[in-house]
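Below, subunit A partners subunit B and then partners subunit C, in two separate complexes.
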Partner chain A sequence: MVVETIDWTDLSFQEARQTLKKWRDDHARRSEEIVEIWEHVLSRYTSSLHDELWAVLEQVTIAAIDSARHDVALQCLQKLMTQFPSSSRVAKLQAMRLEALKNYDDAEALYNKLIKADETNPGFRKRKVAILIAKGEKLEAIRELNEYLEIFINDTEAWIELSELYLKEADYARAAFAFEDVLLSTPHSSLNLRRIAEIRYAQGGQDNLELAKAYYDKAIQLNPDDTRSLFGVVLVCNQLANKASPAKKKELIQTGTRALDKLASIYKKAGDNPKQDIHQRTVNALRTQLSQS
Partner chain B sequence: MAEISAVAYSKIVLHAVKYPHSAVRGFLLGKRHGQEPPIIVDVIPALHGSLLSAPLEALLITLDTYVSDHKLQIVGIYFANESNDDKSFDESFAKVAEKLHTIYPQPVALQVDASKLSLNSNSQCLKAFSYENKAWKSISSFLTNEDVGLAAVSAAIESKLYRELTDFEGHLDDPNADVFNTDLTTKIRQLIE
Partner chain C sequence: MSERTPNISPIMTDLLLDPAIRTWVFIPIVVVTFFAGIVRHYVHLLLQTKKKGELVKLQDTHYLAKARLLRMNGGVLPRADFEMRKHFLTNEKEGYLQQKMQAPSNQANMMTDPSMMTEMLKGNMLNMIPMVVIGGWINWTFSGFVTTKVPFPLTLRFKPMLQRGVNLSSLNAAWVSSASWYFLNVFSLRSIYALVLGDDNAAGTTMDEQLAGVNPAVQQDPKQVFKAEWEALQISFHKFKL
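This part shows the complex of A and B:
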């Protein structure tokens, strides 16, 4: 079986510590697993964590709130409140817990208090937008986030969130526009190039398809093994080839074929997949489709 | 009336449980008998993030190969909204099903009603719709064997089988991951026996 399911309850102290550190660095949202690792392993080694304990407690608190484990969240919050009695960072966690309990008014009041004490802190403002999203007030959230971004113009995370909100409204044009700002600060991110390619592809139309192809090309240059980008560039070349001049068509078919060759070699190595042959046949079907475009 | 197998039902619920903070979407596979509503025998989990057409197109081309092998058809879509309180119909994804309409008449849409999802449900959590005369209308749905189906899902969630589910985005991240969830299907069947 291919899917690697690790028993998180069985890790050693070091493995647990390193796993949580990696997930902190990656901002990974693996809340259920984080709580498991805490409950079954790290909670028994709090003294061995030394100063790392506080970062771990913060991480576990958020994970516990995220997976509705309010028992664990309270225990961790208690420890943090005792250690850092007047910390706004800890107060933010308390407010997040209120959010999860759907006590939005109290959460918002706490954030307003925190903003008043520190106008420059972006985190509290973003939580207020999160409350709007949780309440389903999508258009309000978009409005507030746009206002926020006029002040905190380089907040990549906020631009990504804004783009996501537009995607949920099927407003691909604004989603692409917002994501352009993400690219400004992450021009060499294959993932982000792929993302904007997909948004442009979804938008459709000649200009957007050409943009999509350019972004896909760059994404593949940076990550040649990315299956998702490879499929994307094949699809876009296929579409563009339909209406292209003979010279342009030749170039598009070449690009598409190169991508299909790469996909073929990726799937050749995917021996652990019991349905490997389905994917190989799909690549062949795409080859036929491309040659007929 | 749409009939849903235990395997199909389990995979839909497992997909939703695996990504609790996202919308999830997938395709329904089934068999049709004339004009009657289809029997949904399996599902292919597709996305757990934003709705973007490129990965869906790649998946549909992949499914073309699969369904003819197994004498199945794509009979519709399923979705679970991001927020448990959001009961709205996924219009954007439904448009994908509407486009399938030319090949597969009267597609079905199954919506997960999150308020009915629990570890010990005594009723199934799906709302069904059928696309006829250019509109989606509510239809009834039932599990082939409700007691068996619900028990299987509870057992699957308790043993955290959702960690073994792969959707198409997961497969694209790791081509060794099986979007057809062959091994998971076997495990779900074992829970039913």
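This part shows the complex of A and C:
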């Protein structure tokens, strides 16, 4: 499969504008491409953008900070500051730039000021947590994030971040608990079901393995071609079959074999994958292991 | 103005209206109502004070949403975790919902809360005054004749309401005066405002929303909502759906 490469510097004004709008609506994080589009195309048409210019500038500033293009970021930021001198949105961008320049103290001071001015804005508090994570102070970050979540208890993004922080500390039990809040918001997402299955599998223990199997099954039900979930099912069945009663064992082996068959068919269909034979051998090895357990 | 009335029966009169009515009454009323609405929208925007949300209220909405999500999707969690969360929210001593339910009633504050009163007052004034003024002007200027005919038949009881200045006892009630045409416009142009001004426009509020809405609803709301959520959560039992 050949990946289509688009030359972002060659777009027309309308196409560039539409692409950026689409990425704005999707919250896509394609920072380098955004900076390229800005530099080569849109920066020449600032007068034709009218009111959309400010939204585009904000998008480009964040993209530039993300790709360490501080010259572009500074340019755009100055334009925004002249237009909106006392805006908290622009102040947040300034603080983000300070963060990127590793000037954490000033950034934190600015965020504190912004929080005092508007207590209900969740963005500022989350950026403070981001500073702590960037500094490497994971435990502090966990504490701050927990405090944040006591107020904004429904912020899925924050729960995901907390779960990942716990995982980095290898605290699987708390990571699973945090991720369950994500599940509450997105109960039909096969991605999230698979993730929590993996956390449960890593936790280990009979109950957790059974939970993992249930979650993996549901994930496969929602997305039958997900190879990672299929492998997950096989591994869990393997583990469970070691200590299961004979009847249960047969059932587990059946589930596992079914998953392996699906995997084999997926790999066969993929055709020209260079690692094809490795995959096939893995599948066969798991199959023998399963049948021997 | 000419009216030819063929006398077939006293009720079935078929009028032919002067086209001058169409040009100088019908269309101007539509135009005036439309622009009045647009002006109202922009004045509302100008007078709007920036809302400073309260942290506690935001927190409450989050918790309520959480309780609802827990009820709806709790089947995805294992039993112990579901019970833990339910306990966190509904426990007698420490549960959040419980605390909020028993919080000292803030009802007294609602009436005396100055910011809310001014908001309500502004909204009411902004909608009532133009409507009354323009309605009165139209009634005064365009009185004494019928403007249009509604396409469906009406009973005679509508006549004094819809035919204000016209005292013809034999005139079909479907013929209405300019004042009623104005009111019809006021209510019907709402959808046009949604097209022109975008969905969140201030020109489209009707009297019903103002009267029924703000005062009693907000007073009772927080406590009742919490109570409702708490009860719902108490009776929900957990069934692992996977």
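The working rule: the second predicted complex is superposed on the first by the 238 of 293 C-alpha atoms of A that agree within 3 Å, B and C clash if a C-alpha of one lies under 4 Å from a C-alpha of the other, contacts with A are read in each partner's own complex, and residues count from 1 in each chain.
Note that in this section a contact is a pair of C-beta atoms (placed from the backbone, for glycine too) under 8 Å apart; a residue touches a chain by one contact, two chains touch by 3 or more.
Not measured: the values here are computed from a predicted model.
Chemist: If you stack the two complexes on chain A, which partner ends up touching A:51: first (subunit B), second (subunit C), both, or neither?
Modeler: In the superposition, A:51 contacts neither subunit B nor subunit C.
Chemist: With the two structures laid over each other on chain A, which partner does A:187 touch: subunit B (first), subunit C (second), both, or neither?
Modeler: Only subunit C; A:187 stays clear of subunit B.
Chemist: After the superposition on A, what does A:25 contact: first (subunit B), second (subunit C), both or neither?
Modeler: neither
Chemist: Answer with first, second, both or neither: which of subunit B and subunit C does A:167 touch in the superposed model?
Modeler: Only subunit B is touched by A:167; subunit C is not.
Chemist: Under the stated touch criterion, which partner chain does A:281 make contact with: subunit B (first), subunit C (second), both, or neither?
Modeler: Touch status of A:281: first partner only.
Chemist: Considering only the touch criterion stated at the top, classify A:66 as touching first (subunit B), second (subunit C), both, or neither.
Modeler: In the superposition, A:66 contacts subunit B only.
Chemist: Who does A:267 touch here: subunit B (first), subunit C (second), both, or neither?
Modeler: First partner only, subunit B.
Chemist: According to the contact criterion defined above, which of subunit B and subunit C contacts more residues of subunit A?
Modeler: B
Chemist: Which partner does A:152 reach: the first (subunit B), the second (subunit C), both, or neither?
Modeler: second
Chemist: Once the two structures are superposed, pull the subunit A residues common to the subunit B and subunit C interfaces.
Modeler: none
Chemist: For the complex, which residues does subunit B have touching subunit A?
Modeler: 20-21, 50-55, 57-58, 61-62, 64-66, 69, 82-83, 85-86, 92, 160, 163-164, 166, 169, 172-173, 175-180, 182-183
Chemist: Taking the touch rule as given, give the residues of subunit C at its contact with subunit A in the complex, in rising order.
Modeler: Contact set of subunit C toward subunit A: 52-55, 58-59, 62-63, 65-66, 69-70, 73-78, 81, 240, 242.
Chemist: Which of the residues in subunit A come into contact with subunit B in the complex?
Modeler: Within the complex, subunit A contacts subunit B at residues 1-3, 5, 29, 66-67, 134, 136, 164, 167-168, 170, 197-199, 201-202, 227-228, 231-232, 235-236, 266-267, 269-275, 278-279, 281-282, 285-286.
Chemist: So in the complex, the part of subunit A that touches subunit C is made up of which residues?
Modeler: Within the complex, subunit A contacts subunit C at residues 118-120, 151-155, 177, 180, 183-185, 187, 207, 211, 214-215, 217-218.
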